[in-house]
Amino acid sequence: MRLVDLETLAGMLPAGAMLAIPPDNSATPSSFARALVRADVRGLRLVGVPVSDYATDLLIGAGCVAEVQSSAVSLDEAGPAPCFTRAIKAGTLRMKDATCPAMHSMLEAAAKAIPFIPIRGILGSDLLAHRPDWLVIDNPFAKDDPIVLLPALAPDFAVFHAVMADREGNVWVGRHRELAVMAHAARRTFVTVERVIDRDLLADAHLAAGTISGAYIEAVAIAERGTWPGGLTGEYPDDAAHLAEYAALARTEEGFRAYLARYVHKRPAKRPAEAAE
Amino acid sequence: MRLVDLETLAGMLPAGAMLAIPPDNSATPSSFARALVRADVRGLRLVGVPVSDYATDLLIGAGCVAEVQSSAVSLDEAGPAPCFTRAIKAGTLRMKDATCPAMHSMLEAAAKAIPFIPIRGILGSDLLAHRPDWLVIDNPFAKDDPIVLLPALAPDFAVFHAVMADREGNVWVGRHRELAVMAHAARRTFVTVERVIDRDLLADAHLAAGTISGAYIEAVAIAERGTWPGGLTGEYPDDAAHLAEYAALARTEEGFRAYLARYVHKRPAKRPAEAAE
Amino acid sequence: MTEEGLIAAIARLIPPARHVAIGAASPIPAAASFLAQEMAGNLRISLLYQREGNPFTDGTGELFDLAAQGRIDLFFLGGGEIDGAGNINLIGIGEWPGRTVRFPGSFGSAFIYMMVPRTILFRLEHSKRVLVPRVAHISAPGTSPPGVFRRGHADALVTGRAIFRFSPERARFTLVSVHPGESEASIRAATGFDYDVADGLAETPEPTEEELALLRGPVAASMASIYPAFAARLWPEAPARRSA
Amino acid sequence: MTEEGLIAAIARLIPPARHVAIGAASPIPAAASFLAQEMAGNLRISLLYQREGNPFTDGTGELFDLAAQGRIDLFFLGGGEIDGAGNINLIGIGEWPGRTVRFPGSFGSAFIYMMVPRTILFRLEHSKRVLVPRVAHISAPGTSPPGVFRRGHADALVTGRAIFRFSPERARFTLVSVHPGESEASIRAATGFDYDVADGLAETPEPTEEELALLRGPVAASMASIYPAFAARLWPEAPARRSA
């Protein structure tokens, strides 16, 4: 495990990479996304685990994204994702629509290194016609039982934010097991954390149960309040006012540029939230 | 969730049930197995998650078992499982041999309620010829790529031992996620625990990460030192001397009967280990 | 109809469910479920994507596994468009994937609509824009041909103006209740799809005193920890949050 | 050969692996891995089914997923029978499933033998009973036909008497080293399968001073927490366990 600073971590992500990120209700790497904008990484193929939010919309607006694969892109209570919606209407974004359990299953298949996995439902949804990579077969274990097969999805990178890492690169994610699945599925995993602790997370039985082994983690950077404006369970709440401000500004190209100037490229000293960024 | 005593819990398991139990290195329900012997439950179909140990051997010796599906049955350092070996040679036990990751995958498929799941490997193993329920198909996503499909395995019951439950039936299993898979896969789950605590396991972020929701748990019984002679991580070590004694006694039918009389039917007062049993 | 009335109307539809699950950004279904829990007692509520009151310890995928296992009796779904055959569209309008109007995306609908025995469709806006003859794109189908594994269908469609019941055999809604201030004619005028009208077409009852007391007491307290903005708006006087 | 010698001999086979995993009840492979780690530095050791030193937080299935992902470079397998084509039998002898002799069962062998790039076969007993011309039942095949997904094969077979290397192309072992006290003839007499003999057939070296010091120091300490009985027998004078 390498402990690097946030800008270095963003610089380690090559243009065109397929990058899986979780949404805010999990542990969205918002500070990392802003650092990617600053690093001007282009052509990203974003994977929502299983949906996408602010970080994805920001990267789309900043022109960093070629493709999104997700079950939904929205700002939740703050409404539709403005840059995403604009890009879809403009036809400038390749969108691979999915459904939440399919996103989970495709990543789980990659984590198990099996080439495909079946899933119930979906038959009769127009999603199928637009996912030539999803097949329908007859269940070999039954008669007249059509079922969807999904291919494994192994992202080049998984990136998420977590409360803490230890010196071995073990990362505590609590009950957010989908982050473990992401890390197992992805070829390489980067993590931003609130803090690095000196004790061994795997040595404490209570903490170990919510820990991802450092075996899966390639690099860690400290990013205090790294999910902001999202919240982090047990640490700080959502910043609903900021998300509303983002939603309002991002409604226009000019507003979005103003947002970038104010909150991404310039990092105001008066926002202690992101001192480390 | 119902909190019952151990003998009641054993009595809730019907004859002929398919019962998944983990081995000692996970959280084997040894006290529960002894209670099943006392309750004389017959015709059990045991599922090893993914292997089987003392509890399985004991139940076989006591005549409670019609079938074992497992990747291995042994007493680990204490050597071969004597009653199992005897029953196989006598042809009195239906054995469905498997391999560890297949046991995990079949249970994971049941937990996801998908009818089957692919698995790499196994091709060329004689296991396949003896598992007509395991199919080989051509991977529909590739050319000339044979792959094994396993059916989902949903046991009637999952039973395991854990450190603690709370009043809502939430059960802390720590890093033993295979116990969560078992509980998700099985139609009904019984748990024995060292103790029932008054605080809510899901309300503590550290404990919640290692907790199975009470939604999956049908009944809980207190069985102090419930994995004995196995150990329980963080609580008590293996009792290697007792396992060696079991292995020696169980080598003959007469010895096994003596073991039952001494340690199962009669519960010696001088063994504080199992006061609750 | 007041939001409290809507919540009470939905709560009455929930029994005999024993386990209801609720997706993201669904304060009214969540409040209805808490009310049904207070009324009926033995109801388990699983809230997806909520920091508080979240029973899932196996990640955000666990809800879908639970649904697939048949352990969830009732789910709530919305739709950018909902048509008279029960199809829902969360994708968009115009050329795929929504070049004219883009909705957020299908979330879990394509799966969960077919996995749970009962779904309550809920959409506050009741207009010809939302309730259409035929959705532009199907996120999740209202019915499925024989042979397709499916546990259930829409049970009801609740809007800000009325309540419909759905017949999967006929793939068709029946108007069963109009909210106060609405009429059979006003609903017909606002609905883009064709439907039947129940013989005993009723007016959706206002909440009872008991329902109101529960809403403003324990339900408000539960909601305050999960949907603080919503709870503060509806019940500014409510007691402090109770632990979920 | 002493057990320490055997451990050192196996340790020398481990590089250039960066991640080695070890199954249940394998004290000698575990000790060899700890020694290789001390010698080489950057070696990750994953111990299955051990209370201490267990890095798996996703259950006992995680090791197999790791192996499937190609994240484990080297694994150790044994066998009730091992034949000259590298097939291993952990099932038994006689009518299936082992009516004459029953072994414990196949454990993960049918999978992991095909998933990891390198496997070291280890069996202390070197006899015609164990090393047979053809195993009675195949738990895991030594080689696979073209088209079958397989990452690797046996790299070596280590017994209490000798070391063989395996050629997957020829599905055949080559004797490369005999332990002190053994000879080319004594190995031939004790081996049930046919094999080749390396041109430069060597004697397995005794452990060096450095290896012995590491074994009796840090390796003994690591082993004490994982295989206490084994460690106490081999190294009764060793320091107390260090935390894993």
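A few notes on this one:
Order of writing sets the labels: A, B, C and D. Residues in every chain begin at 1.
Everything that follows uses one rule, which is that a contact is a pair of C-beta atoms (placed from the backbone, for glycine too) under 8 Å apart; a residue touches a chain by one contact, two chains touch by 3 or more.
Because the structure is predicted, anything quoted here is derived from the model rather than measured.
Counted as hops between touching chains, the shortest connection from chain C to chain D is 2.
Among the remaining chains, those touching chain A and also chain D are B. Greatest Cα centroid separation from chain B: this falls to C. Contact count check for B-C and A-C (C-beta pairs in contact): higher for A-C. Chain centres here are Cα means. That of chain B falls 40 Å from that of chain C. Separation between the centroids of chain B and chain D, computed from CA atoms only, is 28 Å. Distance between chain centres (mean CA atoms), chain A to chain B: 37 Å. In chain A, 105, 112-114, 119-120, 145, 147, 175, 177, 180, 208-210, 233 are the positions where the chain touches two or more neighbouring chains simultaneously.
Multi-chain contact residues of chain C (touching two or more other chains) are listed as 56-58, 62, 65, 68. Going by the touch rule set out above, the chain pairs that meet are A-B, A-C, A-D, B-C, B-D. Listed in rising order, the residues of chain B touching chain D in the complex are 23, 25-26, 49-51, 70-74, 76-77, 80-81, 84-85, 88-89, 91, 95, 97-102, 104-105, 108, 119-127, 130, 144-147, 175-181, 231, 233, 240.
Interface residues of chain D, counted against chain A in their complex, comprise 19, 44, 46, 55-58, 62, 65-66, 68-71, 243. Residues 111-114, 177, 180, 184, 202-203, 208-213, 215 of chain A are the ones that touch chain D when the two sit in their complex.
Chain D meets chain B in the complex at residues 24-25, 49-51, 54, 56-62, 64-65, 68, 90-92, 96-100, 102-115, 137-141, 144-145, 147-150, 229.
On the side of chain A, the complex with chain B involves touching residues 105, 112-120, 135, 137, 139-142, 145, 147, 149, 151, 173-175, 205-210, 233-234.
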